[in-house]
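Each structure below is given as structure tokens.
The following pair of complexes shares a single chain, chain A, combined with chain B in the former and chain C in the latter.
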Partner chain A sequence: MRIALSSSTERSGSNRSKTHMWLRNQFVPARVQATSIQILCVVVLIVAGISVPHFASMTNLAAIIYSTAAIGTAAIGLAAVTLCGELFLLSTGATAAFAAIVFVSSLGAGPIPASMAAVAVGLISGCLQGVAIGPLRCNPIIASIAAASVITGIASLLTGGRTIIGGGDASWLGLGVLFPGLPHQGVLLVVATLALELVVQRSRFGRELRLVGINRVAARVAGLRTRTTVLMGCTLAGGAAAAAGVLIASQSGTANLLIGSDLNFGAIAAVLVGGIGIAGGRGRISDAAFGALFLAIIGNLLLVKNLPYEAQLAVKGAAVLLSVTIGAFLGGKRR
Partner chain B sequence: MKTHIQRTLWQLILPAALLLIFSFASRDFLSSGNLYALMQAFALLGLATLGISLTMIAGEFDLSVGAVSAVAGLVLVKTGESHPVCGIALALLAGLAIGFANGALTRALRVSSLVTTLGSMILLNGLAVWLEGGQVLAYNNFDEADLLDQAIAGILSVRSLIAFGGFTLVALMLSFTRIGRDIRAIGSYRRAAEMAGANVSVALYIAFMLSGMLAALTGALTSVSLSTASSRFGADLVLQAATAAIVGGVTLTGGVGSPAGIACGVMTLTILNNGLSLLGIPSATILLLNGALLFVVLISGGRRLLPRWIATTPGRNTRT
Partner chain C sequence: MLDEPTATLSDAEISRVFGVLRRLRDSGTSLVIISHRLDEIFALTDRVTVFRSGQHIWTRATQGLTSAELVHAMIGRDLVRGGHVASIPSRLAGSLRVRTRSLAVPDRFTAFDLAFAPGQIVAIAGQLGSGADAFVEALAGLHPACTGHVELDGEPIVLNSIESAHAVGIAYVPEDRAGKGVFLDAPIGVNLTSHILSQISKRGWLSSTVDRSRALSLATEFQIDPARLPHDVSTLSGGNQQKVAIAKAAAMQPRVLLLNEPTRGVDIGARAEIYGRLQNMTQTGMTVIFYSTDLEEIMEVAQRVVTVYRGTVVRLLERGETSSNEILHDILHGSSVPEAA
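Let's turn to the complex of A and B:
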């Protein structure tokens, strides 16, 4: 199994050879899906910008970035769970809704403390699930379904099913733009992706995460802290889901239980489409962000062409199945 | 080593205890009306749990049962207006086809069924929303609803009898047919079963197709009784069915589980939910308790947890 940790090029001293090696590295079986999605993003953006009216307007591009920011933030956290081999957490939407409610409720203290409170709630939720999934070795999907039900129940008890209206001002986060067409949320997503990518690619924790995903038994025998690593991965995913909820809630300053209802499938689709392997260990965090961008572009195209909501769902489902199929053919892993 | 009958008797303790508690807690619990409602709920949850348990026994998991039941209900309402039998048959056929597709994807891609059924669940959600077409669909065939829901002997109905029949048939299949034995075998240890000659493909397909058909039956019965179909039906079905199955003794690792135990698990969950709602607890809280119950059962069901603690004392044998 080829781990693309650093581009091991032969030191031939000629620039052309290094670039050639880098290009070749992008298309090895482990990276070909991720690279294709990145290329497709650019291609679809250009083609749609030229051929579809109103697509290339600043408001439309900002809309794409807003939808990428929310799902992308949740997806880069979920990618940590997928990378360590624990499939997915289906509690992403519930955690986002709960965190959004906490954010909006404590908005009176200012947007920064409120977001910190919300992310803390997400980290706790992810940690509790991580305890069940990591050290206690429960099935991650079923544990997260159970956790989602508990989280939604608690949120429902807290809000009584109503919409909470915040008492403060989060417009910098929700509506602020760096320049027309690039909202602050987009910048935050880029920063978060870079930070997490750095952690996973270069730090010891990231290395352990990937190795646990590749072969958990071998990692344990080699002395890695497998249970703690999975626990931290799940905690990260919970925190990221909470951040996504904060981003969504800051746009309107209100929160209710429906926030993040499409976050579950959206984040999973982004992770899979972006090229992160389900078996674990294959892929980078930035792949999830690019997957989110690609799905946001496609979703926006469907919207601009006036196709109904179920078309988007069908496309997401088909994208998941297609990525799994391609991944199975490329990976060649037999059960 | 407990015999099968002894194990089932132990599993009956929990629902019996809950029955006792709730009959004291609420005056109306043992009324024939409430018992009838209990049996109706048991029938629906029981059929869905039976289906999902078959896939769990085979070592897989079918996440799409909720979505299948929603789609089946919508198919029934759209096609069964004038020919109700035809509508039910089409709904069941849809469930069979979806189960076949799930089995084919899992088998062909050699990928965990959690992922393939997740993908099909998303697709079916989209299909359900499309079938619904943004309206609330009404099913005006009330005669059929009367036929299915009329009380027999006070607490039973055609629906509960269908559920009992389903349980009996699956029990017979698992115990006396080769396919049933193969399903258990591939869930226990797939490589060994394959080498011993079990027909892995057929067993997988049968498990998923039965799961799809039983989920479709659940959706069809729900839609007939409620005289409507919606893409939002069956949203909690996976959670409740998984909880009932695990409480009923079906393990997530596969190979273990019996319809008698599953019936006990379903009875436990049904009595719990029924009793709680009779006490006036809101449905959101009931769902919360279902989730908490599943969490607790998951954590305590890990056999790996106990041996590790036992193994820390020297002299005990370890078991991975």
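Let's turn to the complex of A and C:
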């Protein structure tokens, strides 16, 4: 009897220490920013929901989710590039616009084939940039700015700079809701985030992605496929940027070259504010999604408070600066 | 205050540093030196304080202290010296593991014709830049411009990349632990299995059970605390980091294990553990080839020593038939006899 008793207390003790371990792991220097942002998301939602009139209305919550969805989708793909130590692709907006144009012009064939065509275009664009950045070792910033210029050039040749109006119905994707306050786009972002998180945490590619980001030279010595890994990371980012373009275009059923104009900085801001380390190897895919959610909540609050769009820009910029500073500080602390 | 002031210096540079330190002492400066090199401690210091695992062991005057007492205090037990060299397993005698025919790397070394048997521990001795280091790197696939032929177990192999060396079972532990040897900001467990991702994954997905069990068995083999597997390598001491660097290469169960400066900046206890481990691994027929500038290490571990001077092989020396003076002479002067010697 006494033995059984003592073993059961032992088990509950180890359970408690497991929870304790888990909790402590959320606040190690490498995780503290991401954890804080996630907590802040919840806190701000609750506080604003209680104190700000109209904030908690179904339409406003849906508006927050709409502004999270596209940027979040682009950001979780971009996070793969940041995680493997290649900073960012500055072609996110251009890829999204091009994909949106492809989506809208092929909408006659139905929304699913049209989305697939658009995402395929993004994957190809990302893959080509990945070839330049991975195997050919080009600087990711320069290579992707050049790629953005090429993509925009081709797209404006194809459209003549006009807005394209789709011939089909994309309202399920653009306007549909699972229930009031939760648009389909939000559900899709959650599913995509979970899927990508699974790949990065559990697949061989994901393990290589993070190790390459932590130390590229050591990764080469360990025989990891560094070039292929970078190439695949860029391909993912291209596909995600295209998916973001599809989400935006589906709302109006139209597309033009301006569609991704604030996606570049939005996605980078989400990745950095979410707590993903700019030097590579540190962070999770879901951090980027939370970063996008956080920025959307803040932007929405400013909007509800009737502050101009310029104020939103300034706040977003300040948030990025702050998180890069925090990242550098924590990075220095970890050594 | 100096922390390991001579860890990466050659003997000539070390004696210059010593000269400077002695002048400083004579002019009245107090010096605190952190070191694990015994010769340095006895040559330089007046007083020794020993720390082990975060605890102050004792402080004593250097005079009257024996190196055995000091080692005992540093590692908490007596060190078994010279126990690291065993004979080659007899069933493997007579066969050849690696054979190089006029292997050369432009501007680094010319025409190395060497042969190594399974289960052998070979030191390639030479000054930094003598070509000895480049030879080990070339075998690791780091010099794609190398010319000549290499045979592994009688089969000709091509060494134009790290991948090509890995594919035939050649693993490499680089000299720069923090920069190339380990992933400092990744958990110890992740480091240990980083060379064998193909073995711990199925159709692209990692098996966490296989991952954990391989990491655990490697940690046990290399005397790394299994409870620390989830912690980053950067939390370990230099000696334990080096154990991780070697363990993750050894995880491949390579036919040839190459090491560049296997124990640079490693404390004496971890050093003994690493030597013992290398010795054990050769029992299964693994050939260990290492480059080192540490003569004491070469004398203690290597069964054969290849001395290199200015890009050419000077001599092949057998353990027991050579002295550290002989090796030193070879790597400093080559085969020429210095005048009035």
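FYI, the second predicted complex is superposed on the first by the 318 of 335 C-alpha atoms of A that agree within 3 Å, B and C clash if a C-alpha of one lies under 4 Å from a C-alpha of the other, contacts with A are read in each partner's own complex, and residues count from 1 in each chain.
In this text, a residue touches a chain if its C-beta (ideal position, glycine included) is under 8 Å from a C-beta of that chain, and two chains touch if they have at least 3 such contacts.
Being a predicted model, the structure only gives us computed values, none of them experimental.
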TODO: Could you check whether chain B and chain C clash or fit when both are placed on chain A?
DONE: fit
Task: Touched partner set for A:Gly281, first chain B, second chain C, both or neither - done: second
TODO: Could you look at A:Ala222 and tell me whether it touches chain B, chain C, both or neither (first, second, both, neither)?
DONE: second
Task: Angle at chain A between chain B and chain C, C-alpha centres, nearest 10 degrees - done: 80
Open item on the list: After the superposition on A, what does A:Leu211 contact: first (chain B), second (chain C), both or neither?
Closed with: second
Open item on the list: With both complexes overlaid on chain A, does A:Cys138 touch chain B (first), chain C (second), both or neither?
Closed with: first
Open item on the list: Which partner chains sit in contact with A:His20 here, chain B, chain C, both or neither? Use first/second/both/neither.
Closed with: neither
TODO: Quick one: name whichever of chain B and chain C touches more residues of chain A.
DONE: B
TODO: Could you tell me how near the closest CA atoms of chain B and chain C get once both structures are overlaid on the shared chain, in Å?
DONE: 5
Open item on the list: Just to be sure I follow: which residues of chain A are touched by chain B in one complex and then by chain C in the other one?
Closed with: 334-335
Open item on the list: Applying the document's contact rule, which stretches of chain B touch chain A when the two form their complex?
Closed with: 61, 63, 105, 109-112, 114-116, 118-127, 129-130, 190, 236, 238-239, 242-243, 252, 284-285, 287-292, 294-295, 298-299, 302, 304-305
TODO: Would you tell me which residues of chain A are touching chain B in their complex?
DONE: 87-88, 132, 136-139, 141-143, 145-150, 152-154, 156-157, 161, 265, 268-269, 278, 308-314, 316-318, 320-321, 324-325, 327-328, 333-335
Task: Interface residues, chain C side, partner chain A - complex - done: 162-163, 166, 172, 174, 179-186, 190, 194-195, 197-198, 201, 204-206, 208, 234, 248
Task: In the complex with chain C, residue positions of chain A that touch it - done: 30, 202-205, 207-208, 210-211, 214-215, 217-224, 281-282, 334-335
